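The structures considered in this document are given below.
Two complexes, one shared chain (chain A), two partners (chain B, chain C).
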Partner chain A sequence: MVTRLPAGSLRQLGPATTFYAVFFGIPLMILFVLSFWTQQGFERVPDLTLRNYLDGLTDRLYLQVFLRTILVGLVTSFIVVPLAYVMAYLMRFTFERRGQLLLTLVLISLFSGYLVRIYAWRTILGTGGLLNTALMHLGLIAEPITALIFSPWAVMITLIGLLLPLALLPIWSSMANVSRDHLEAARDLGANGWRLHRTVLLPMVLPGVSTAFAIAFVLAAGDFVVPAMVGGTSGGTLVGNLIANQFRGSGADWPLGAALAFMIMALLVFVYLISVRLLRSVARW
Partner chain B sequence: MVGVGRRSVGAGHDTTRGPGTSARSVWAARLFIAVVLVYLFAPVVVTVLFSFTTSRRLSLPIEGLTLDWYREAFADPLFTSALTNSLVLAAVTAVVSVVLGVTFSFGLARLGRRARGPLLTASLLPAAVPALVMGIALAVFFTALGRPPGLPNAAIGHILVALPFVILTLNARLETFDFSVTEAARDLGASPLRTFRDITLPIIRPSVIGAALLAMALSIDEFVVTWFTVGNQQTLPVLIWGLLRRGIDPTVNALATVVLVALVCLVVLSNLLSRRRR
Partner chain C sequence: MDDRIRTLYDARLDRRTFLQGTAGAVALSVLGPRLVTRGQSLGGQLNFIGYDGEDARNVAKPFFEANGIQVNPTFIADAFEPLTRFQTGGRGQMDIVSDNKDFMRAVLDGGVEFFMPLDLTRIPNAAGLFEGLKTPSWLYRDGVTYGIPLIWGDEPCVFDPAVWDGPPARYTDFADPSWAGALVLVDDPIANTWLWATSLGFEQPNRLTQAQLDQTIDEMLKTKPNVVTFAATLGDQADVLIRGDATMAVGGWAYQILIAREKGVTLSSASPATDGTFFWSDAYSIALDAPNLDNAYAFIDFMMSPEANAAIASELGSACTIEAALPLVDPLVAALYPYDEVRAPGGVLDTQVVSPPTEDDGDIVGVARWQEAWQRFKLS
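Coming up: the complex of A and B.
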C-alpha cells in the first residue's frame, strides 16, 4: 500500500503536529521550567531551585492530600473498571441486540454536561438533598446522613458516575473484536465463570481494560471540580484543588503549582504502571 | 428479548443467548444494567426535573411546574453572551480540529503499520493529560507570550481537547478506506484537490460530519481548560460555574437543561453519522 514517498505524508502530518508542538509541547515545557522558579510576592523570579518540589514533599498537609488523591483515584478506578467490564460484557454478549441502544444511552450520559452532573450529585447527596429526604420519608433514617456530602465518599460517588461511560468505551470496543464462537469454544473446553474471564476473555481485552483503567485513574486523581463541589473544604480536597488554587486564587504561586502538577503526574504514571503489571498477572493462563 | 440462535444447540448449553446464561442470570444481568443506568441518569433526571418546578429549594414532593427559570435565564444578558461565545467556540473548534484531523489522518493512513501506531498514540496524548494540567500550561504559555486571556486562547484549548477524538474517529474510518479509488482518479488526470473534493470527501463525509459534531459537543461541555484561559469572558459552563458558586439558583437547572439538549442532539447525530458506511 505504501507506494508513495513519505514526503506527501509528512506534508499531511505537518499541520496537526505543529499545532501539538506549539500549543501542547511548548506550554508543558514552559510549565516545567516554571516549576524551578520562585514566587516573591506578586513576581515570579527566574531561578533553578528544587524548593517547590521539596515543599510539596515535606509539607504534612500536601503529603496527606497526595496520599488521599492516589487513594481516591485507585478506589474509584477499581470500582469503575470492573463495573464497566461487566456492563460491556452484558452489552456485547448477553443483550447483543440491545447493545447498540445501550451504547447510545451510555454516550448520552457521557455528554449530559460535566459540571451539571457534578452539581446534580450535590443536590442528590446534600444534607437536605433528595437521598436524605427520601430515606427520611421512608422512615429508614431519623436524621440526615451528613457524611454523604462534603467527604471523600461524595467525591468517589460522583466520580464513578462521571467516569463509568469513559471507562466503558475502550472495553466495549476491544470486546467488539472478540467473537462469540471463541467464548463458546472455551466454554465447551470447560472454562466457566471466573475462569472463563480470567483465562480467556480478560487476556483478549486487556488493552481495552488497561486503557479504561488509565482513563479512570488519571481523570479521577486529576479532577479538581468534583472535590471543589462535593468534597468540602477539609476532608475531600485533592491535589487538583491545591494546584488550581495556585493559579486562580488569592496568594497564587505559579511555580509551586507547576511543581505540584509534575509531581502528581509522575506519581500517577508510577501507580498506573504498577497497577497494569498487577492486572497482567491476574489475566493469565 | 429473544436471542437469535444461528448454530445448533449444544449439549446442555443455551446458545440462543450469551455464552452459558440461565434465566436467573439473565434477570440478574437486567437488574445490573438497570442499576447502572439509574446511576448514570439520576443526575440528568434531577436537573431536568427541577428546571421545571416552582420551589426554589430542590426537594420532594414537587409543588408545581413553571417555565419561570427558563424565562429568567434567557432574560439575563450574561446568558446571551455566554451562549454566543459558546457557539462561536464550538464552530471554530469543529472547523479547525476537523481540518487538522482529516489531513493528519490521511497522512497516518499512508504510513506503514510500524510508524502509524506510535504516531497515533502520540496524537492522542492530550486526551491522557488531566485537563487541569493542560489548562495551567496554556495559561502560563499565553502569559509568557504576553497575550491577555480571552476567547482566542480558549479556542486553542478547545481544539487541543477535541483534536485527539477527531483523529480517533477519522482514523477508524480510514482504516477501511480503499485508496485505489483515489489513485484511479489521479491516473485519470484529476488534480489532488479535485480528487479530494469529488471522490474522497463524498466517501468519508458522514465520518467527517460526525467528528465535527463530536468536536462541537466537547467544546460546548469544556470547562476546565476554558476556566484557565478565558479570563473574564463567559461561556455556558463558565457561567454555570459562577452561578453554582453563588449558591442555590434554579436558573442553573434551566441553563443546564439547555446545554444538555444541545449536547445530546450533537452526540446522537454524530453517533448515527459515524456508524454509517461501516
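Coming up: the complex of A and C.
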C-alpha cells in the first residue's frame, strides 16, 4: 500500500529540509569529497585516492579503537535504555500524579553545561570525591578507591549519567500515549511481569525505545570529551578522539580524519540497524 | 564558584584563559587612561584570531574605546587553526594573529604565506623588549621581523610538596614504581615526546629518526603505569592536582601554584635537574592582506607599552616581554619565571626548538609520525 502525503505537507517540510540540506547535507558532502584527498604538510591536495580508507581498515590501531568505540556505545546504551524504560514506566504508571514533576527534576540536569556535568562526575568519582568520602565515613573502605576515576568504568558511568535524561524523553513520550486500560486488560488476560512488558507495553513504545537507543548509542560512541576528561590512560581514546586529532594541531590530516568519520558513521548505522532488529524480535517474541 | 575556576570548568583551557577581568583590568583601570592616544587614521574594526585572553579585551579596553575600535575576536583551540582559516577563505579578513613560538617557527621555516613583514617604525614600544626577544629566531628571518613577543614562560613539573621533595633528575626516572598513581601529563604529543627524547640524550630531540622515536616511546611506556591521566589542557591538569587525583604534573605551568593557592591547596614547581624543561612564547603578528592595518599596528604598539604588557602578563599568569614592565607585573606572577633567560640574545627561548619538522626530512620523521607514535603510546 502506498501512503500518500497530505496535500501541502511537502511545502511544510520545505524549511526543515532546506535547513538540513544547507547546513548538514552540503558540509557532509564536502567532508566526503575531502576524504579522498591527501595531506601534504600544511596543504590539503585534491586527489582521488582510497588510501585514507585503506589506512583506516588495515591499521591495527584504528581497528582497535573502532572496536572499543562500538563496545562503549553498546554497553552504555544497553544500560541506559533499560534504566530509562524503568524510570519512564514508574513515572507514567506508578507515580502517575507526580510523573511530570519527576520528569522535570530529571531534566533539570540538562540545564547545566556539558563540561560542568562532566566535572560534577569527577567530583563524585574522584579520589577525594563524594563517593570515596562517603564509603570511608561509613567504614566500608580504609583507602580511597582510585579506580573509580580515570578508567573505562568512569567513562561508562559518566556517559550513563549524561545520557539517561536524553534517553528518558522519547520513552516517556511514547508511554504517555499508552492507556492504563491496555495494561489492565492485558493483566486480566494473564499477562503479568516480564510478559506484560515484552508482549504488550514494549511493542507499543518500541518507536520511543528505538529512538532512545539511537540517541544513547550514537552519542556514547561519538563522544570524545568524556573519554578525554575521565578516561585516564586506559579509557581515554575513542574514535572521536582520533578524528578530532586529525583536524587540529601540527600533524593534522583532514582527509584521513574525514575518512575515519565516514567509516565510523557507516559502522554505527550498521550496528544500530542490527540492534534495533534484535530489539524488535525480542518485543515480538 | 570563583569566576576564574568557572572559566576553567566551562572553557577549553590553556595558560591564556585564566584571570581575565581581574588583575589586568584592575591594573589598567588605574594606568589605562594615561596610555590611550588617538591616532589619526584609527577607528573601525580590528579582527583578532588567537588564544583566548590575548585579545586583551580587559587590558586594552581603554585603548579600544578611546580610538573607536571594535574588536572582532576569534579564539582558537590549537595553534594551527589561524593558518587553516587563512587558507580556507580567511585571507583578507584577519588582522592580528596571536600564536605560539613553535607554530610561527614552523610557518616561517616552511615558507608558508601567512605573516606580513612588520614595519617596526610603527611599533616604537617594541624597542623596550628584553634584549633576548628583540630578534628571536622564531620571528625573525633575513633582517625582517614577523612577530612581536607578548608573553612567555616555561613548563616545569608542578607537585604537592607534602608528598614529593621535587621531580627526579631525569624524565626517564619517572618510570620508577615509586611514582605509581602520581603523574598527570597533558595530552600533548609534541611536548611529552620532546621531554623524553631530551632525557634520552638525543642531540636534537625535535629531529628524531623513526628508530629514535620508537626508542623514546618505549621509554615513555615504562612510565605509563605511573600516569593517572592525560589532562586535556594545562587548566585541566591544575584541576587534577587540586582535587588530589595526582600529585605530580609533568610539563606543567608554574601559574598552577597560584590557582591552587586560591583553592587552599599548596603546590610547588621545579624542573628535573639534569633534563630541564622547555620554554614557550606567544607573539602578535599581522596576517597578509590585513584589512585594518593601522588599527593592528596601533594595537600591537599599545600592548608593548610597559603598563599594558605588565597587565597582560599578570592577567595571564605569564612572563612579560618588555623590560620596563617587569617591576609592574604582579610580584607573585613575576617570581614564577626565570627572566635571566631573556636578558641577552641566545637564551634558551632562542635556541630551543621543540616542534619536529612538518614533513619527513630524509631519515628524520615529521610531525605526523610523532602524532601516530603518541596515539600508539596512549593505546598501548
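Rule of thumb we're sticking to: the second predicted complex is superposed on the first by the 262 of 285 C-alpha atoms of A that agree within 3 Å, B and C clash if a C-alpha of one lies under 4 Å from a C-alpha of the other, contacts with A are read in each partner's own complex, and residues count from 1 in each chain.
In this text, contacts are C-beta pairs under 8 Å (C-beta built on N, C-alpha and C of every residue); 3 or more make two chains touch, one makes a residue touch a chain.
Just so you know, these numbers come straight off a predicted model, no measurement behind them.
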So, A:119: does it touch chain B (first), chain C (second), both, or neither?
both
Mind working out whether A:128 is in touch with chain B, chain C, both or neither, as first, second, both or neither?
both
Chain B versus chain C as contact partner of A:146, first or second or both or neither
second
On the A-aligned overlay, A:248 touches which partner chain: chain B = first, chain C = second, or both, or neither?
both
Is A:192 in contact with chain B, with chain C, with both, or with neither (first, second, both, neither)?
first
Count the residues of chain A touched by chain B and by chain C, then name the partner with the higher count.
B
Thinking of the overlay built on chain A, is A:40 touched by chain B (first), by chain C (second), by both, or by neither?
second
Pick one for A:229: touches chain B only (first), chain C only (second), both, or neither.
both
Should A:65 be classified as contacting the first partner (chain B), the second (chain C), both, or neither?
second
With the two complexes superposed on chain A, say which partner A:237 touches: chain B (first), chain C (second), both, or neither.
second
On chain A, which stretch or stretches are contacted by chain B in one complex as well as by chain C in the other?
113, 115-116, 119, 123, 128-129, 229, 248
Under the definition above, what is the set of chain A residues touching chain B in their complex?
1-2, 4, 6, 8-17, 19-20, 23-24, 26-28, 30-31, 34, 83, 86-87, 90-91, 93-98, 102, 104-121, 123-124, 128-130, 133-134, 137, 160-161, 164-165, 180, 183-184, 187-188, 192, 196, 214-215, 218-219, 221-225, 229, 240, 243-244, 247-248, 254, 257-258, 261, 265
In their shared complex, chain A is touched by residues of chain B numbered 1, 3-4, 10, 13, 15, 17-21, 26, 29, 32-33, 36-37, 39-44, 46-47, 50, 57-60, 99-101, 103-104, 106-108, 110-112, 119, 123, 125-126, 128-134, 136-141, 144, 156, 159-160, 163, 167, 179, 217, 221, 223-224, 227-228, 237, 240-241, 244, 252, 256, 259-260, 263-264, 266-268, 271
Using the touch definition up top, name the residues of chain A that touch chain C in the complex.
40-43, 61, 64-65, 113, 115-116, 119, 122-123, 126-129, 146, 149-150, 228-229, 231-233, 236-237, 242, 245, 248-253
Mind listing the chain C positions that touch chain A in their complex?
9-11, 77-81, 83-84, 87, 102-103, 106-107, 110, 112, 181, 187, 189-190, 224, 227-230, 232, 236, 239, 243-245, 355-356, 358-359, 366-368, 370-372, 375-376, 378-379
